[in-house]
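In this document, chain identifiers A, B, C, D and E correspond to the written order of the chains, with residue numbering beginning at 1 in each.
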Amino acid sequence: MLIYDTRYRSLTFQVIAALVLALSFWFLGNNLIQNLRAAGLNISYSFLGETSGYDINQVLIDYDSRSTHLRAAIVGILNTLLVAFFACITATIFGVIAGVLRLSNNWLVAKVMSVYVEIFRNIPVLIWIIIIFTIMTAVLPGPRAFRGDNATASMVLDLFAFTNRGIYIPSPHFESGLFDSAVQNWLLVIAFLVGSFFATRRVSAWATAKQEATGVRPSTFWINLAIWFVPVILLMLIMGLSWEVPALKGFNFAGGIKVGGPLIALWFALSIYTGAFIAENVRAGIQAISKGQTEAASALGLRPSRVMNLVVLPQALRVIIPPLISQYLNITKNSSLAIAVGYADITATLGGITLNQTGRAIECVLLLMLFYLTISLLISVVMNTYNNAVKLKER
Amino acid sequence: MSELAIEREIDRSKMQVSDEVAIQISGMNKWYGTFHVLRDIDLTVNRGERIVIAGPSGSGKSTLIRCLNALEEHQQGQIIVDGTELTSDLKNIDKIRSEVGMCFQHFNLFPHLTILENCTLAPIWVRKTPKKEAIERAMHFLEKVKIPDQANKYPGQLSGGQQQRVAIARSLCMKPRIMLFDEPTSALDPEMIKEVLDTMIELAEEGMTMLCVTHEMGFARQVANRVIFMDAGQIVEQNEPEEFFNNPKSERTKLFLSQILGH
Amino acid sequence: MSTELAFVRTEQIPPSPPPSSAIGPKKWIKDNLFSSIPNTILTIVTIWLIYTVLMVVVPWMANGVWNTSSLTECREVLQGKTGACFSVLSERWNQILYGFKYPVDSYWRPNTALILLAFAAAPVMFFDLPRKMLIFTAIYPFLAYWLIWGGTILGPLVALLGFVAGGFAFMRLSFKSFAAGFFGAIIAAFAVWIIGGGLIPETASENSLLAAVPSRDLGGFMLNLMLGVTCVSLSLPLGIALALGRQSNMPLIKGISVVFIEFVRGVPLITLLFVASVMLAYFFPPDSTVDLFLRVVIMITMFSAAYIAEVIRGGLAALPKGQYEAADSLGLDYPQAMRLIILPQALKISIPGIVNVAVGLFKDTTLVSVISMFDLVGMIRGPILASTEWNGVYWELLGFAAFLFFVVCYGISQYSQWLERRLATDHR
Amino acid sequence: ATAGTLDDVKARGKLNCGVTTGVVGFSAPNAEGVWEGFDVDVCRAVAAAVLGDSTAVEFVPTTPKTRFTALSAGEIDMLSRVTTWTLSRDADLKFTFVGVNYYDGQGFMVPQELGVSSAKELDGATVCIQTGTTTELNLADFFRSNNISYEPVPIETVAEAQQQYIAGSCDVFTTDASQLASTRATFENPSDHVILGDIISKEPLGPTVRHGDDEWADVVRWSYNALVAAEELGVTSANIGTLAESGSDNPEINRLLGKEGSMGEMLGLDADWAVRIISAVGNYGESFERNLGSQSAIGLARGLNALWTEGGLQYSPPVR
Amino acid sequence: MSELAIEREIDRSKMQVSDEVAIQISGMNKWYGTFHVLRDIDLTVNRGERIVIAGPSGSGKSTLIRCLNALEEHQQGQIIVDGTELTSDLKNIDKIRSEVGMCFQHFNLFPHLTILENCTLAPIWVRKTPKKEAIERAMHFLEKVKIPDQANKYPGQLSGGQQQRVAIARSLCMKPRIMLFDEPTSALDPEMIKEVLDTMIELAEEGMTMLCVTHEMGFARQVANRVIFMDAGQIVEQNEPEEFFNNPKSERTKLFLSQILGH
């Protein structure tokens, strides 16, 4: 018998597996075809080119109800990436602070941080999103409360308005920009910042060279500070920077930048929830570095801050970063809960309104999965590259 | 117990002990919580002295030498290292740590840095040595411990014996005036023990002040000026190695020696 | 080298108590709260923070009103004081726990099922308990199904008998070869199911002991618990199979497992639930209706199986290669080696990881509210907050939901930590 | 679950009927958890006709988003939930609307204090809408054609919309006017909110079944028509007993109540089908009054939904 | 190198070598990928022979004996074990594995099973022995390796030497006709080596066919009929122990012996 021969055994099993697989695919596919035929439906992606007919409240690119469903999907993708990006940043900040403080030798702070971690880790993120959204909508005042002589709410510093529809902050404008379009002016500012970045790199290279030559590392803090701020501020002044302060006009605040309630709820909830997990990773990463390493470094006479920077962190990061990256993936996936608060991410546009208005359930869900799969593949490529790059050399 | 080190012929005449005091401990007491680990320790070590500390497990040997460079703090008594008193003053601690090198049982090399970087790290950041000079000095000491060719490898790629020798070189790069060893060979395979002991003997020959917690009695016989026997947090006996081994005075020491030399 | 070095201590120094600076609460406070200036500032800020939070929460909780029948009434009772309207909890208690459609006179059924769950889970969670208790664990799913869904007892009974027959056939035949046992078991089980299913009279469920409850009527926290327990238990075997498949050296089987695992882990659970709610029905044979609960269970099970598979893969990888070789050299075949040598060890290592997946999954059961099932969150967001009486009580409801989840999840994660510690010492 | 829905339902002994997650007056569970409402009555009518038991209904709550998938996936046998009859739903989504049980149009509700009197004054307003509805699309059209801007707040259920609206995180709530009225009726102070006069669309709401099962469509269609016909003919739940017993002079009544002809058989039902419907839920008018009209908290006028004889649009094809 | 085993007096006359062939390897070649580990191996082992295989690290000793029970597959040549040819036929492999016992350097006991369960597992599941009989037999062999009293402990509770003896007993419970040992003592402390070697000598006395990779030259001298020296995947030299040690023929062997006996 074939399965008794090691050479053919695995082949036999694989053929059986292939048959079972093919059979189940055939079964599912056949059901699908039959069901679709019975319902008079067919699979087609042409709806993507049709007019969407609905409006979206947060768009990063030009979009209105005459745009296509495809464009609505792209709006959604950008919104997903937007909230995921900001949530990754803030979650990392929360996580690192909480993780490090949890190891603090201040007992009270350490305990408070463990309470934070335990509370946030053990309650579903959906509940957090809803709670924060509820704070946004039910606790903050509506724009109406700012109106009239006996207004019950007022703007913070006359610059920021915290309303139940979102937070309005002043937006910068250039009066006498060097270019006509605002975008180009901003690109110039960004170009300056990029320039500053490279300049600080040069400064630290210079400091390192100096240290290598003389042994003393010159302090670069003030130089860097100047490099970061002076050119940009000068540029902005030249271009006539002015702030547009949000003001109540009609039903809503107008002017300034609006950060919508759903965005804030989602962003904040994802950050603070994932932050708790990241805190655990950070703590585990630091604890994974044996006490011997710290002792050896101290015994060599290194100061605590240097022990941290030169010995503990470089090693801890190798432990921390891989789980950190999977937390980023989790954030991206969890951002699909946007649907619970009406944030217009990809799940809400393509997987929500488009799906419902066109009835193209199968197509929309497939596209949706494709999008998330692509993201997760990209993230795992990044992770593998990183892991290979920092792997500790062993025998 | 490996007696390999004995094979090496050494020139005791080279090893000088001066009258200058390197370490002075008086009336030192330490507690872990309510547990009294070190009791009334009095010890004076002269410059150039090589002291071996022995004693049963848990007797406080490690704790004692870890107090000497402030890895542990003591609660009572005085420790003066190289003229500087160990207090909670951070400046003093820093000063003492840069004078005192330490080798751990598990080497504690930094696995993310090459051997060379391990050796230059502290000189560059603590002593503010220019990098070139630091590298030269590191190579010098790596040659001394006979592994200059491994300089660009990572600790994980070296054998245990080689790693311990790197650890010694790393300490030496700080030009310490005193070296502390905490069971430097007990995590090693027998062949590797010899490599490390050889390196330590060489150091001894150059007149380095050394405190060494070890059970390598061959090493003790060969290089120590003094053997200190600790039990239950106290120094129970101290003597020259020959006297100590051949003619132990206290009951506790006799028992310990009979166990340790017995098999 | 002088002999004056020689020194012998003749009498022991007795241990003395440490100086007052080395112990006691004073030292503790100094070391742990005020060891440096930044630490002192941190401590003060933290104390102030805790104080502010308590000043808000404590009066709110303490003034809580427990027995009014609507928000307006509650506000009247409070007369402008801060205070919680916990009466929404007492008034809607049943809905929060059981959803709004589960027959009230049958609440004892899920309650009993929950209590019995403790007995069924105990031998799995605590290794010291007698192994005999596992028999009850094996019966439990069928019993619980019958208790919760009701209807004729014959259904679960036949299902159970099928498994028993399968197990029996397996024990008989697997002595010859695993394949024979495996397929024999499947055939035996199906035979029992088909014959048994045919024997159940059409009308059996009408005059049964327990009235049938359709799964659409399940809701509230009960639904979360049920989804959690069902999906985790179902995903275990699937996860094991996937983990073994991923370890396999057969490219096709490995490929299928890898694609499945990576696919499922790459998409959010929400999209899988969408699949369950809008797509899955198309993949079932025409004329068959599979109710939403089952479809959701299928998707969540797949989801957690992929995660569990990764955990178990870690456990398998942690086993030294020598264990496989030793099993081989003794002549054990693959199924025997897996069942007797590899899996018992790998699973034990993986338990904490599996528990973590279970906690995550249990939290994720709240997502079913997005596809309009009335789980705890769905109940709160839908019927309760929408009702005229309770429109506007957020904190009490959301806080209670958070509390329920916290209690369960924190409990499980404490258990998992206990287990981890225990396994660490256990692994001799 | 495509062909033979009628047989499926009979075999199952229960009708799966898709309703809203709770719109008082149309479909919402009362305090005892029993579903009530104008749309619910249609479900009960069908159940009464097919199964002889108006309580043999499994009500499946659906959101605007989930309703169509639930129907096309066969999870429900019919949808009776304020659903607008549109061409694309008919031709593209493949549903059959069996009639119009409520002629409606899209309206706006705003808080009194805003002082808005016309929809055209809503420039810049934040608007709560339910996603997956015609409302959403009409709204986009309306604002664009009037060249004014707005900010949509997409929401899934009326309940949520209500919360957001009350909390003031949207200025306006828009949906079918009848739903606005029903929503307003549940508010603490209904008079603080006005429903604007503007009706910006036609929303014929009706029970829906899948394409491709005409027998079933007929059953649902005529169960509904029976309600209207009964009102036209003056058959009420009060006189149905006597009429069913002794018959009537009007042959049409007799045909409807199974005294003459074999209408029931033609539908695949028995002769008493309509009798059961009327006894269970009354006629169209009774159901309207009970759930939406003056007897209810909502207090809607019949308006377009009056019988054609009274100037409305409700008109039953002849039972013949 | 521990020569402890020599202290034991053994009765060589008991150890019989018959003419029957137990293992026949001819023209066997094996590659790992493109790396040629075993080159043209020809070897005949008679029933009752005790063969010691020595050679430098990486020479392919382990690979050779692992080929004999198909833990590794060979790509060329023929291996006949106990009359059954090792092919890719699983039935043959199963047959051979139940005839051939194997002891590993790291014992590879199953840590989740008691000693007794370790020993009865294979007889019950592979040989289909009734449980009672399997237990009796296991106890018999555990007595033989002198640890019957540990039967209900777990492997983790035993010392290394005891564990290795359990591993031997576990193999013996399958009543193998041939035993393979891959450096069975190299993971053990010196005292424990003796225990295990004693057990192996006893086995040898009973006439078990044995192939043993070991560097215990005392053991080789005492019990082996033949010593095989491997280098770079080839059998370089084979001879009786006395001849092999006193009068090695090839240069490679001489070098190896000088290293191994040197220290």
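Simple rule for what comes next: contacts are C-beta pairs under 8 Å (C-beta built on N, C-alpha and C of every residue); 3 or more make two chains touch, one makes a residue touch a chain.
Keep in mind it's a predicted model, so treat the numbers as computed, not measured.
At the far end from chain E, in terms of centres built from Cα atoms, lies D. In terms of the distance between Cα centroids, chain B is separated most widely from D. Among the chains, the centre nearest to the mean of all shown protein C-alpha atoms is found for C.
Its C-alpha atoms fitted onto chain E, chain B is found rotated by 165°, rounded in steps of 5. Interface comparison, A-E versus A-B: the higher count of C-beta contacts falls to A-B. One finds 43 Å separating the Cα centroids of chain A and chain D. A separation of 53 Å divides the Cα centre of chain B from that of chain C. Among all residues of chain A, those that touch two or more other chains are 3, 35, 38, 138, 355, 361. The set of chain D residues that touch two or more partner chains comprises 2, 65, 69, 163.
Residues of chain C found to touch two or more other chains are 278, 281-282, 286, 381, 392. Applying the touch definition to every pair of chains gives A-B, A-C, A-D, A-E, B-C, C-D, C-E.
Interface residues of chain C, counted against chain B in their complex, comprise 1, 3, 5-10, 12-13, 15-19, 21-23.
Within the complex, the chain C residues that touch chain D are 72, 100-101, 214, 216, 277-278, 281-282, 286-289, 291-292, 371-372, 374, 381-383, 385-386, 388, 391-392.
Chain C meets chain E in the complex at residues 175, 320, 322-323, 325-326, 328-333, 336, 340-341, 344-345, 348, 427-428. Listed in rising order, the residues of chain A touching chain E in the complex are 3-7, 9. For chain B in complex with chain A, the residues that touch the partner chain are 69, 71, 94, 97-98, 100-102, 104, 106, 108-112, 121-122, 124-134, 153-154, 156-158, 167, 170-171, 174.
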